[in-house]
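Following this line, the structures themselves.
What follows is chain A paired twice: with chain B in the first complex and chain C in the second.
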Partner chain A sequence: MEMENFEEKLTQMTKPEVTNLKHQDMLANAITKAKDKSVNSWWWLSIPLYLIVTLLMKTIFMPQTTLRLNIHDFTSREIYSSILFFIVLPILFIVINFISIRNIYFLSGSQKSISFLRASWFNVLMIIFSILILIIYSL
Partner chain B sequence: MNLPWFKRIGIFFIPTAIIGWLILLGGLAYAVYVFIDIDSRSHSVSDTLINFVFNLLIIGAVYSLIAFLTSRTAKI
Partner chain C sequence: MTEIDLLNRIKNNPDDFSELFKLYYKPIFGYILRRTGNFDDTADIASDTFIKAFRHINNFSYKGISVKVWLYRIATNEVNMYFRHKQKHNSVFEKADFENKSLFNNFLHDDKRELEMELQKHDQFLQVLNGLKTLPIKYQEVISLRYFEGKDNREIVEILNINEGTLKSLLSRGLEKLRKKCNQI
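Presenting the complex of A and B:
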């Protein structure tokens, strides 16, 4: 009698199922954080990008000047602002976005897949913009 | 105070709490004040717009930083 019960219990038994993995939560959290950070980076990097565009417009409308000359002129007038917007912020956002991408990369199992790119493309774009700002400033 | 105050939609942070709305309204009011101030001192429309957009971007960046820091729930 007891054996029958045991057999019944065995047939009713199923494999333990974990519907929600902790790793999945960690990855989702890392992607959300990375996107929030990239949006914040975008707002802060838009300031030096806007400055570069205005200096470029000045160069176009005043043919006797060059972009390099205009940047040097701006730097001499606004020393602290130029250091903050053209050096400190881009370097800071390169580091922040790189760390975010690295976190997603490790949590996604170090796979170079389309889904990884889809999750981190805006961070990559922010790193490219930051490098571009540093290059233009160092001209 | 209960977090989050903001949630992110695309590249914008939208308020989800009263204090978030107060921060947004404060930012907008300051932007209007800056526009009026710049307009009273500028000599042309382009002069106003070029200077105002720069200030608007700074206001947007500070707002996004506040929203970013307060858009997460507190860790228990």
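Presenting the complex of A and C:
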């Protein structure tokens, strides 16, 4: 078949049409009623951030101590909590947010960089905070 | 009501997303059906498309592209992922919270029966679609948007976020490959 004929055939052939979808309204209702079950919340990161700020304040107001000493002190007293809040949670957040950014990238279909940043700034911020907590803890 | 008004309304009240759903679910469903040729996969991909749109509607800024183009873009990405990985979609229909699940299943069953009959009426289309599915995805998306959806160059360029030169070259090479495939059938 010649190319022009083929193009014409593609244009003119009949295609299946969707005229009526009975399930549409119920699906719309189910989607709009669905609550966001994201675990990506400031609250989770606020715990290690709060602890860091407390230790920083202690360092500032008690000049005979250092941040490193205070963290070490806290770690020896609360070994499991410190591992959970200063290592497990930040690493988990880095992974979750990287996956989230990847999803936004897929969704945006290689948008212009500013639009992409606008859509993913929260995730980037979460990653930065998580890395900061890991760095402070490893001091 | 303009798209911007609708977007603002959705930002203030997420329930208004159903308005967007009413406007675009059918055309998007049709687009996915004409790419996959399969009702079950289409229903899963279309619902995933709208769930993603619902979750990210606040990140969508009305700059340059319309909501319709954005939805086509999400649907195209979803269909491409389906073709690339033959990804099994976790059907939203099993997880979603429907007020009357049996009624919903009946509706879905009716739609399936009706659309499968509709697909069977277009034998020539199904033959071309089978040939098209054997081509790389980059050709599938441009040919489908141009010849199945009737989109012009400007719309396709916006949906796929490519430049016009690339589109023309993909269309011409894709058509040649598809023509050869169809001649073999």
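Please note the rule applied: the second predicted complex is superposed on the first by the 96 of 139 C-alpha atoms of A that agree within 3 Å, B and C clash if a C-alpha of one lies under 4 Å from a C-alpha of the other, contacts with A are read in each partner's own complex, and residues count from 1 in each chain.
What we mean here is this: contacts are C-beta pairs under 8 Å (C-beta built on N, C-alpha and C of every residue); 3 or more make two chains touch, one makes a residue touch a chain.
Owing to the predicted nature of the structure, the values given are computational and were not obtained by experimental measurement.
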Contacts of A:Lys15 with chain B and chain C, given as first, second, both or neither: second
Chain B versus chain C as contact partner of A:Gln24, first or second or both or neither: second
Chain B versus chain C as contact partner of A:Glu7, first or second or both or neither: second
In the superposition, chain B vs chain C on chain A residues touched: C
Partner chain(s) touched by A:Ile83 [first = chain B, second = chain C, both, neither]: neither
Which of chain B and chain C A:Tyr50 touches, first, second, both or neither: first
Chain B versus chain C as contact partner of A:Ile131, first or second or both or neither: neither
First (chain B), second (chain C), both or neither touched by A:Ile60: neither
Common interface positions of chain A, toward chain B and toward chain C: 36
List of chain B residues in touch with chain A within their complex: 8, 10-11, 13, 50, 53-54, 57-58, 60-61, 63-65, 68, 71
Contact footprint of chain B on chain A as seen in their complex: 35-37, 39-40, 42-44, 46-47, 50-51, 54
Interface residues, chain A side, partner chain C - complex: 1, 3, 6-7, 9-11, 13-18, 20-34, 36, 104, 106-107, 109-111, 115, 118-119
Contacting residues of chain C [partner chain A, same complex]: 14-15, 17-18, 21-22, 25-27, 29-30, 33-34, 43, 47, 50-52, 54-56, 59, 61, 63, 73-74, 76-77, 81, 92, 96-100, 103-104, 107-108, 110-111, 114-115, 118-119, 121-122, 124-125, 128, 143, 147-148, 160-161, 175-176, 178-179, 182-183
